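Each in structure tokens, the structures are laid out below.
Two complexes, one shared chain (chain A), two partners (chain B, chain C).
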Partner chain A sequence: MERHLILEDGTVFSGQGFGAPATTFGEIIFDTATSGYQETITNPIYDGQMIVFAMPVVGADGIHAEAYESINPKIRGMIVHDLAEVSTNRQRRMNLDRFLKQHNIPGLYQVDTRKLIRHLRETGSQKATIVDVVDDHARDQLQATVLTNKQVQNTATTKAYSNPGRGFHIVVIDFGLKNGILRVLGDYDANVTVLPYTTSVDEVLTLDPDGIILSTGPGNPEDLPESVLTLIRVLQSKVPMLGIGLGHELFALANNSELTTLPAEYHGMNHPIQEIISQEMIYARQGRGYVVDPDALDTKKLFVTHRDMVDNSIQGLRHRDFPAFSVQFFPDGAPGPLEAKRVFADFFETVVDYVQKNN
Partner chain B sequence: MVNKIVLDQASMQRALTRITYEILEHNKGGQNLILVGVKTRGEYLAHRIADRLEQLEGVKIPVMAIDISDYRDDRLSNHTKLGLDEDDRVNIIDKNIVLVDDVLFTGRTTRAALDALIQIGRPKTISLAVLIDRGHRELPIRADFVGKNIPTAQNEKIQVRVKEIDDVDEVEIVH
Partner chain C sequence: MYKRTTDENLKRILFLGAGETDFGMQGENDAAIYQVLPILKSQGYRLFLVDDNPYSMALESSEAETIVSTLTVQNIKSIIKEKQIDAVFPGFAGIRGLRLWQQIISEWREEDGARPVGLGMPDSTVELLNDSAALFERLESAGLSMPRATIVRNQAEANELLRDLELPLLVRAHNPAAGTTRKIVRRLDDFEDAIDQVMSQSLTGEVVISKAINGLKEISILVLRDSNGNCMQVGATEDMDPVGIHTADSLSVAPVLTISDQVLQEMRSQAFLVANILNIQGPVHVQLALNEKTNQLYIIKVSPYLDNLTNRMALMTGYPVMLVAAQLAAGRVLQDVELPDSYHAKTAMMEPVMDHIVVKLPVFSFGDLKAAGVEVNRQLNSIQKSVGSALGFGRTFIEAMEKAIRAAHFNNRSFSPKYMKNVSDDELIQQLIHPHDNRVLLLVEALRRGYEVDELAELTKIDEFYFYQLKQLLKIESQIVDGEASQELLSVAKQSGLSDGLLARFWQSDFQSIRAMAKQSGVVPTYKALEPSAGEFPENAHQFFATFEEENESEPVSDKSILLVGAGAFRMGDGAAAGYVTSVVLSELRKLGYKTVIMNNNAADASLLPHLSDKQYLEPLEVSDVMAVVDQEHPEAIVVAGNRRKLIEALVALGQKVIVLPKEKHQPAGPESDESEFALNIFYDGEAAYPLVLTQHQEGEVRLIDQDVFDADLSGIKLPYSGVYQLIWREKRTDWPKEVALPNFAVDTWLRPMPFGEIAFLSKILQLSLIRLVVRSWKGGLDGSDLEALVAHMPALRGSDFAMVSDRTDFNLHLKPDSPIDSTRFEMGAKMIRLQEN
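And now, the complex of A and B:
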């Protein structure tokens, strides 16, 4: 059935509906990666967003049990050029269409995604809606829609839980954690405790962690309460810390630095990233709507460790006084190149060092 | 007996990177810092750390090489031969020195290096960075910055190889 995408600026793109037949509203962004659509649509960082895929054909891999980044996808819509129908009989895999129907998420295919992405590059991320009929009512509804800024509350855990292991005790502060982080911590047999971001400093320290991870998450970091920044400021001075994605942005804010909003969000994995100290180049999955402002970086507290070689944005920071560091990109490789996992190796080596010096 | 690579090139690079970050953390942006490499391989490692510091901070940290052969405690000597080359001798008085060596074992080499250093001046601080700490200390010495702790047996040998003279970066346990 023909359905339509209306953008906030009034532009209409038409295509065929798949997934749920629902009407949906969300912030529209685009993803230039050529693999990992399941990980992407289940990544909690996309809470409340509609994703346009640059990959010409999406859905050919079906849906796998091992490629979820969260239990329930939070995206509001999926726009693709062509949809591959996968037999659900083959290896008993579920297909994308059925998956989206189950989660009441609408999709649109046979859309000129090249034109749509060029348009979004020029006009930026904006509100959008997927509807059956383009009329004044649909346009009014879109204009009247106020998008939430409570994405972290929507996705992060409100209760502490354990993901036990026999190794180091790692506390993860959850801002909308993706599974990939827990998966890699599992590779290190870490004994993980995931805590809500509202946890107090005392509650964290009572658990006697060997290391702390500030998780990835959705939304604007400046919408989070000041208490989060205080938490980071105290913990970074006591225990090794790694911030990822939103966690990296919060780490910067906690250390007297500022962010800028990107005109068009970047989601993809084709930007080379340089580790400055070794001059080595790595690739990693990125998903960012904000970057640390190089002119508002407090260089007395932080220094830059990684840079994006395409747009020169800051991709990594490290504290001058404490074993605390952060990366803007996603080093867990789900989806994305595995070479970025070395960030976790660095973190665990720092943890080993900390534990040895404090025993 | 089978020899075993315990650190390959990538992990050796990463270990040096982490040591560099830690040195920065403890020396406030490399102010007043001097790196002193214990000959032979410590010297190359010290240069690697200095290169990393330069990439990060854009400052050239002085590197010196120290020869401890005349300060060993298993040979009689009146320390006539100074441990530092005349050419690259920098004023170490009131400086923060990071002594760099490849392997920390009994601690006797470090002791000798400390003596050699103190004979030429009184630094503000001396700290110790080693790529490998293999245990079995015979003196009260401990490293401030360790690339990797590798528990070993007394009779094993740790062979550190560096690209500059060995054509390859790796650490091997030799039985």
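And now, the complex of A and C:
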């Protein structure tokens, strides 16, 4: 059935509907990666967003148990050029179309996605809606819709849980955690406790962690309560800390630095990132709407460890006084290059150091 | 860590040429060298090139000092000494260049003086690549898996091996006498019998045993690495057919569609690891096999040199692979690579991403050979049988595949319910298991006869995705065949990559009416730019392909452009020479100040190099594709080779100005073994004919006769098109005379356009580019300044010292023909050989 995408600036793109026949609203962004669609749509950082895929054929690898980044995808829509109907599930037919239906997410295919991406590149991320009919009502609805800024509340766990292992005790503060991080911690056999971001300093310290990870997550970090920044300020001075994605942005905010909003978000994995200390180049999955403002970085507290070599944006920070650091990109892959995993190796080195000194 | 750019002594670089074209070598190396010479020269290097390929573009480049010489260790060594070479570039000549460089290294003696540096990889790697056991060990110790192949001479040795290897095993004869059997042993009980049987097929009584990985999925990854150890992935392609069918003979698709990100990232990491272990500076092509049941990966081939994937990847992604590779090998790091202004400033460092699909389809010559009475073994296996390939660009797999089929065959046979009707069910099953060249047609036919997707996937080891796609195609087919011509159906058909001509056939209409209807109902192509950022950045792209969507990104290059219709896939007979001719035409038109547009679909062809034309359309070359580009660009004139008669007629009928480049429909057959063919080669400027030079041709060899022919009376000759031609006569003799009695040209000879291969050869030995001469004649009348301009940079040769020889191709290895193949008519490549002084 023909369905339509209306952008906040009034532009309309038409295509065929797939997935759920629902009408949704969200912020529209584009992704240039050519693999990992399932990981991407299940990544909680995309809560409230609609994703346009530059990859023209999506769905050819089915839906896999090992490719979930969360069980319940929170995206508001998926826009592709061509949709493949392939199922790799051993129990029942489960292709991308059915998967989206099951989760009540609408999709649109046979869209001139290259035109749409070129348009978004110029006009920036904005509100959008997927509808059956383009009329004044639909346009008014879109203009009137205020998108939520409660994405973290929406996706992050509200209850603590553990993912036991026999290694170091790592506390993950969940802002919309993706499974990739847990997978890598599993590789290190870490004994993981995932805590809600509302946890108090006392509760964390009572668990006596060997290291703390500030997880990835959706939305604008400035929408989170001040208590989160306090939590970070206290914990970073006591225990090794790694911030990732939203966690990195919060780490910067907690250390007296500011963020800027990107006109068009970047979601992809083809930008080279320089590790400044070694001058080495790596590639990593990125998904960002905000970056640390280099002019508003508190250089007394933090210094830059990584930069995107294409747009020169800050991709990594380290605290001058504490064993705390952060990366804007996703070092766990899922989807994305594996060379970025070295960030976790650095983290565990710091953890080992801390444990040896404090035993 | 060393940075060679800082090495002030590294000034004089010698490129090894790739030699004659052949199976698997379709001129891509020469195109690559031709492309990188200007940028390296601009960076201050003094460049030299040695090659013996008469169809080489690079040998005619003015950016390097070019030397025609047979590619032997002795010859290269003397060139190195004479020209005081500091560094040698072997990798641009592919596997041949690397082998030659290996030999040069091992045969270099102290008295030869200081040996030049090898660019692209350290000597230790060159050595390692020559020793497969050591290479295996090195990669395995780094945690990589390779299917180990071991040679055994008797049952005892074979049994010994069983302790280390798990079943199933692949058992085959080493040095086989004739036809080889590959036995896959699944049960221990069958092992001894298999060894016995296969051993009897070997001339040396040796058997090769390896882990059986046939049937696994095959993937190719192209990596670039710099001297600081930074790696980037240029791209990856997956083969539709499983391991066991040569990758050149399989349909392949990019980007990879059917493999999960997790596995793809693991492959990428392994490919980077290979590049790091080998210490590569430049490109490395890593082939991997994937067992999808276990996710086990095997490295099956490592090619740290330019091969046809390198050029293909450049064309498919829009990323300038060659320009970057050359600078990396010369010592620059990725961050410092310089690119022309048309690229985004950071393009060299960004991994290209594709927002389109490219299907590569192999081109086989079985049909042409059969028409000439030669039957060959058509069954596809691990030995390459295809002679070339064509690319189809689209935004869906079906669109890209249909366009690739049209590009490869000039007519769309896959899309016809009748074509495969006569294949019996038994044959069908046989060919599903033992594929032939008609692979896609057969799969479609199997679906049409009601085979289930999972059955077919099991039989063929082809991913289910492809069958779902082909089923979709069948659905479209029946819609079109059963339906009436309508805007909706037309739109569906065009989005699926079908041509106006084919639709005309289905709807009992004609090409013109379909075209008119499409235009009227707005079903017109939208051209999408082919650039490496997938829309993230504005890039000043010059490459486009057609699809049927909303936005058209292509603007006409000029109101006075010339469109050139390229030659398409490499085929037997005109092979690389066709690419040479097209490229020289583009180069000369540009010199004369014209804006040029090229249409082509062959990645090995120099004609698609970005610096040779103002715009490149990566399209099939049927009438409807050409007309669509004509509607887009409104060129002043269209240059078409004379063998494309139907296209020429159609274009003329549509009121286009066509410039015909004379060419016969089929490559002419060579003389019989007991005779010589003589040719008076002439140039016709549109009004009168002028004699050029006399040549003699014996089976597979052409020589120039140093005899004055300027008095030949050609006054009677009137031809429709300017060009270079030959007046031919044959004599029963097999000597090489220094002078021959000339016949009465008006009576005893016949006239034909000069074959492209001979144009390339004669241009070199006459030191006068015949194609440039022809191009200049198009503007009407040549004068002295033209000739002066044309005494271009050519290798300094004495023409009569060289012969062109074309019988080196190992047809027996590749095709197993039942009778000899005419090496002139079905030529794959040729080399220039210096004749003994006498």
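Note that the second predicted complex is superposed on the first by the 352 of 359 C-alpha atoms of A that agree within 3 Å, B and C clash if a C-alpha of one lies under 4 Å from a C-alpha of the other, contacts with A are read in each partner's own complex, and residues count from 1 in each chain.
Definition applied: a contact is a pair of C-beta atoms (placed from the backbone, for glycine too) under 8 Å apart; a residue touches a chain by one contact, two chains touch by 3 or more.
Since the model is a prediction, treat every value here as computed from it, not as a measurement.
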item	value
First (chain B), second (chain C), both or neither touched by A:R318	first
Chain B versus chain C as contact partner of A:Q279, first or second or both or neither	both
Which superposed partner A:G167 touches (first chain B, second chain C, both, neither)	neither
Partner chain in contact with A:A345 - chain B first, chain C second, else both or neither	first
Touching partner for A:G268 - first (chain B), second (chain C), both, neither	second
Contacts of A:M309 with chain B and chain C, given as first, second, both or neither	second
Superposed model, chain A: greater residue contact from chain B or chain C	C
Which superposed partner A:G186 touches (first chain B, second chain C, both, neither)	neither
Touching partner for A:P294 - first (chain B), second (chain C), both, neither	neither
Chain B versus chain C as contact partner of A:H64, first or second or both or neither	second
On chain A, positions contacted by chain B and by chain C	279-280
Complex interface listing, chain A residues touching chain B	275-280, 303, 305, 318-323, 325, 342, 345-346, 349-350, 352-353, 356
Residue ranges of chain A touching chain C (in the complex, touch as defined)	30, 32-36, 39, 54-57, 60-61, 64, 66-67, 81-82, 84-86, 112-115, 117-118, 121, 266, 268-272, 279-281, 283, 309-310, 333-339
Partner chain A, residues of chain B touching it in the complex	10, 13-15, 17-18, 20-22, 24-25, 28-29, 52, 55-57, 146, 149
Chain C - residues contacting chain A, complex	228-230, 232-233, 255-262, 264-266, 268-269, 272, 334-335, 346, 349-357, 395-397, 464-465, 468-469, 526, 528, 533-538, 549-551
